[in-house]
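Next come two complexes, and both contain chain A; in the first it sits with chain B, in the second with chain C.
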Partner chain A sequence: MKTGFCVFLAAFVALGASWFGFVYGPLKQLGVATETKVLQSDDKWPVQRTGDATLGLQVYRANGCAACHTEQIRQTGAANELSLMNLGVHQATDLKDFIASLLGTVPELMNFSNAVAGNLAGWKGELPKLIYSGADDTVVLLLGDKLKAVGVKTEARVVATGADIARMGWGVRQSVAVDYLYDSPVQLGNLRAGPDLANIGVRSPDLNWQLQHLYAPKSITPNSTMPAFRYLFTVKKIGAIPSPDALKLPLTQQPNEFTPPPGYEIVPTAEAKQLAAYLVSLKNNAPLYEAPFTPITAAK
Partner chain B sequence: MSDEKKSCCSNETGEPTATRSAAPMWIVVVTLALLFTGGLFLDSHGGWFDKNVYAPYQSSAQLEAFQPKSGAAAAMARGKSVYEGVCGICHNSDGTGKPGQAPALAGSEWVTAKGINRLAHIPLAGVTGAIQVGGKDWNLNMAAMGAALSDEDMAAVLTYIRTSWGNKAEAVNADDVKKVRTEIGKSPQPYSSTQLKAMPE
Partner chain C sequence: MNSAENNSVCSNEIDASCRVPLLALFGGAALWLVLGLALGIAAMLSFHKPDMFADCPFLSFGHAQAAANDLLLYGFAIPAALGVTLWIFARLSQSPLALPIVPVVAANLWHVGVLVGTVSILLGFSTGHPWLEYPRGASVLLFAAFMLIAVSAVTTMGFRLNRELYPSHWFLFAALLWFVWSYGTANLFLVCNHPPRGVVQAVIGWWLTNNLIFVWLALAGVGIAFYFLPKIAGKPLASSGYALFGFLTLVFFGTWVGIPQSAPVPAWLPTVSAFGALLSVIPVFALGIIARKTVWGAKVPCFGGPFCFIRFGMLSFIAANLFYISEFCPRASRVLDFTWFNAGVTQWQLLGFAGMILCGAIYEILPRVMDRELPFAKLAKLNFFLFAGGTLLFVIPLLIGGVEQGMKLRDANIPFADASAVALKFLRISTTGQLLVLLGALCLLLNIFVMTLQWKLGLLKTVVGVVKDSLVEGSAYRPLPGDKSACATLQRDEEVKP
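Now for the complex of A and B:
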């Protein structure tokens, strides 16, 4: 093989370049990630989990939850939005003319006159009224300022868009690397037989709800295909003092298939409590630099 | 083909050997075309390998446009938009100036002066005649470009030029602009360099 060395060198460079690109580069960039700042706040993100919730990640892993649930919100776009909140002393028709004249005279706004005019077409004065939604932040700031100067209250918002975000409660922005800082191993999942859980702690923050759902998913969602994790619970005779941890099933008032026999109670094991603690710790509600949005609560 | 076959068969007993031959031109062309398209794709989708840029965002500049703005950040964004609409046409969008049109604002001692008194007079009333900016001599006229801007817009754009492109001076508030505006009065006359230098910073 006269060209043996060349072949070796070519293979070495090709594999070496992939190693640098796929292993070394990302490790240098994301492997050293630390807590980041929540936008317009002094809070840090992500929040370190409690001991129970940290152990709960291992219960989640052991029970193969990631086989049917993902923990990743996807996003396909973002928009700067400007809405009219309060017209002050103005009438809707006058304001429409005023906005049209602004769009025709202010040079920075001229490019957006069609978009805004389209949103205002057929508007009768109902509030709040979205007047711009798009990529540009100049129009939002400038038009907002000009309207503020004449006593009209507007609200500027940044929103993330996408099919996942459109599903109420799934999350308000996409998942980014730093969200998984305290997950070991990361439970991304790749099949959505069940709903995404990246934001389950915001959607269902009640521990009792989580426990009941783990014990009998069908007691909450009749058509649920999720298996019941009964072995994370013990059904035992009520002793002299009822267990304080026993499931407070709202369905005990009307006995049905999920109700324990009379004189018995359903007590979650330590594992069930850890898993529930982990689930309520899953949140996707902090605006970050790399995944910006305007939280509802911050709007005034 | 036939030649190859002949040479192969006539030399049947010898060891096959690899020889050098030029790579066909189409492989070179296809490889270069692939590299070029790959480069274009990376350019528009790679986010310049910034760790903060995730799809659907394509660059940190685009990500910046979606940061919720309040306070100082909002003033800067507003100043930038005013600058690009009014000042940037002559002073260039990156503050480097344009030969024969306007001097650079980046690194200009007029822009980064301690106070804003002299600086605010320039856009509010205009400048005329010889002036030295950053060691270079200029002799042009600047109209009162800022006379039509509101105090808030003026303050925002002055803050923008004082803190961009490596300039590090204090922010400007609208009250200071208002003070200068009342001082100039209703019919502004362009100042000369010597008149400006006679004012307090």
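Now for the complex of A and C:
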């Protein structure tokens, strides 16, 4: 490196390359994305937010909720599942024997006999009954066909796998680029001090719940470490007509630390209401081409 | 000025030309460092006592955390590094600083920008993009100030007599370009009226974050270390050939890291980043080894002096960046993503690596440019021990806690609350470390502050003296300290060239 120009050139080329890769490339590839279709439906995805929910994103941004919460679900893979839905004329015990004989005789199924038998062990006939879950779809298709032939109804499903998905209510599939199409700024977050919120609108769709949680997280989760956002609420003397927006705190025998003094009510500010509207708009429940899963019954 | 005169330019004159700009840059930087650490502690209090700021929006975690992080990077690391760069360039050029008034103005612009940015975040006007939270007004100020300082630095660099560049030149010069381009791009796209739609925003954000926190800090920190280590050890840099290799691999590979493996973006982006991260192991080791070889066997009394700072900084450079790189390893990322681990690594890079080297450099430079001893030399030593112990106590619990939290988050049968609770006890230790770092930063601030005061008092005395003399004798001119004609013959240190 003899001259400043050489250094300049090296740095220019190096940073220029990554600029093309990580700024220009994504702008061209993702910046022009448009909404997609929800699988097996005519609905469009993502749904554009309206009114309060749109403003709520700005409240979320301004208060830095993303410092503690992510809005992205990860998935490690996908599994094919087969469940028994209706046994028709059969009894649980003879169906078990029938399946065991299939697993013992059909060559393609032999590899899976342990897995299926394990699922059926101790089964007394409760429905629906998951009999196979795994990467392979031969079992699902073949066994499903064979059972259909004898009048047993089964359901084949594709499900996303991974810890995020397994946590009930966090979401049913991974987050993909198109989910964020209408978010600005995109609030992905990078720390899970609190739960992921990508699907909070499905998990807790009740506005009053959201408001109460914001006002006093501990009133809902007793050992919550989420800070209360009391500054988004005002404590008001109840006037001639009580405010229609006032928080409906759960009725308790004794007033506790969260209940306002008698004659007072807790009224959410406009910001709090917008934030709650935004939260219930967060959903991760539509199957997409990029992230497929089977949402509804596809019984054979 | 003829060439004979030019050669006789002595370090004193160079130092004097840097005095005011460096005071402006370092003084502000030290103040922001203290405020940033204090705000960081305030933010962490939310975890020790969640409802502490329930009625006080400004200090709630989401506000304080972002403001604190930005203060460490934009408030402290960047202006301090710029100050050191100016001085190193002047020294290497054997010439006084070019346009010394420009960096003084720029430093003030910069600090106003940081102030505006911080207040905006606390009031809820953050842009919502990590590491780019400052709203437009503030970032325009920062950008303009940076450009001005860069102009002064590059002009000074152009004054050098020896055409050949020293390795520190490459690193520090590249750092100037790096910031302008990446910060400019990110602001242009994200902090404008029509940002791109959707997740591209996050991708650009990650690109910027990596280019600042990993590449920029590495360029600046290593560039500074490569200037001071040979001087302190009294040996030439262990091969500028290797340094060139380290430099090129750093800029060519390092810039591709940054996209998290779990990111909801097309798969090629995280994959490229994983490769970039893998390759970035090379410069991290290469540069670390060069530093090690340079000081190997040198008998330098160190006890808390600048050498200690810089050596600790280079060790942190290797450790912190290897942990950083591990975040982008697909397997490890499944555990580490979304945990405290990332925050711990970033703080290590910012404080343990860049912060350490910068403090060491400031303590080395200040007595020279001010032409007086540090007012509290003992506190400077204490600063080292507080910083070293504090950063480790600050970040290591975050790393361990992050891994434990990540293991628990991976298991859907463990309730979420348990995964958070496990991190909590580590956070308590971590905050103690943060407190120690804050005390260390106070030592720095006190030294700079008192030095500035002493200097101003000295100036006042001289001025009063001159006025008095002229009244009494009617005679005019008496040289001020640091004036060219007062240039002492004493040449404090020869440049150690490879």
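Definition applied: the second predicted complex is superposed on the first by the 229 of 300 C-alpha atoms of A that agree within 3 Å, B and C clash if a C-alpha of one lies under 4 Å from a C-alpha of the other, contacts with A are read in each partner's own complex, and residues count from 1 in each chain.
Methods note: contacts are C-beta pairs under 8 Å (C-beta built on N, C-alpha and C of every residue); 3 or more make two chains touch, one makes a residue touch a chain.
This one's a predicted model, so the numbers in the text were calculated from it and none came from an experiment.
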(message) Output check: A:294 vs chain B and chain C. Expected answer is one of first, second, both, neither. What do you get?
(response) first
(request) Return first, second, both or neither, reflecting whether A:174 touches chain B, chain C, both chains, or no partner chain. (result) both
(message) Touch test for A:80: chain B only (first), chain C only (second), both, or neither?
(response) first
(message) A:3 in the overlay: touching chain B, chain C, both, or neither? Say first, second, both or neither.
(response) both
(request) Could you tell me if A:29 is touching chain B, chain C, both of them or neither one (first, second, both, neither)? (result) both
(request) Return first, second, both or neither, reflecting whether A:205 touches chain B, chain C, both chains, or no partner chain. (result) neither
(request) State whether chain B or chain C is in contact with more residues of chain A in the superposed arrangement. (result) C
(message) If we overlay the two complexes on their shared chain A, which of chain B and chain C does A:39 touch? Say first, second, both or neither.
(response) first
(message) Touch test for A:229: chain B only (first), chain C only (second), both, or neither?
(response) second
(request) Would you sort A:118 into first (chain B), second (chain C), both or neither based on which partner it touches? (result) neither
(request) Residue by residue on chain A, keep only those touching chain B in one complex and chain C in the other, then list them. (result) 1-3, 29-30, 33, 76, 174, 176-177
(message) Show me the residue ranges of chain B that touch chain A in the complex, using the header's touch definition.
(response) 17-18, 49, 51-54, 56-57, 62-63, 65-70, 74, 77-78, 81-82, 84-85, 150, 152
(message) Per the contact definition, I'd like the list of chain A residues that touch chain C in the complex.
(response) 1-4, 7-8, 10-12, 14-15, 17-19, 21-23, 26-27, 29-31, 33, 61-68, 70, 72, 74, 76, 163-164, 166-167, 174-195, 217-218, 221, 223-231
(message) With touch defined as at the start, can you tell me which chain A residues reach chain B in the complex?
(response) 1-3, 25, 29-30, 33, 39-40, 75-78, 80, 107-108, 135-138, 141-142, 145, 149, 156-158, 174, 176-177, 287, 289-294, 298
(message) Considering only the defined contacts, which chain C positions touch chain A in the complex?
(response) 46-47, 50-57, 60-63, 65-66, 124-130, 154, 157-158, 163-165, 169-170, 173-174, 177-178, 181-182, 185, 189-190, 195-204, 206-207, 211, 244, 247-248, 251-252, 255-256, 258-260, 262-266, 269, 272, 334, 337-340, 342-343, 409-412, 416-417, 419-420, 423-424
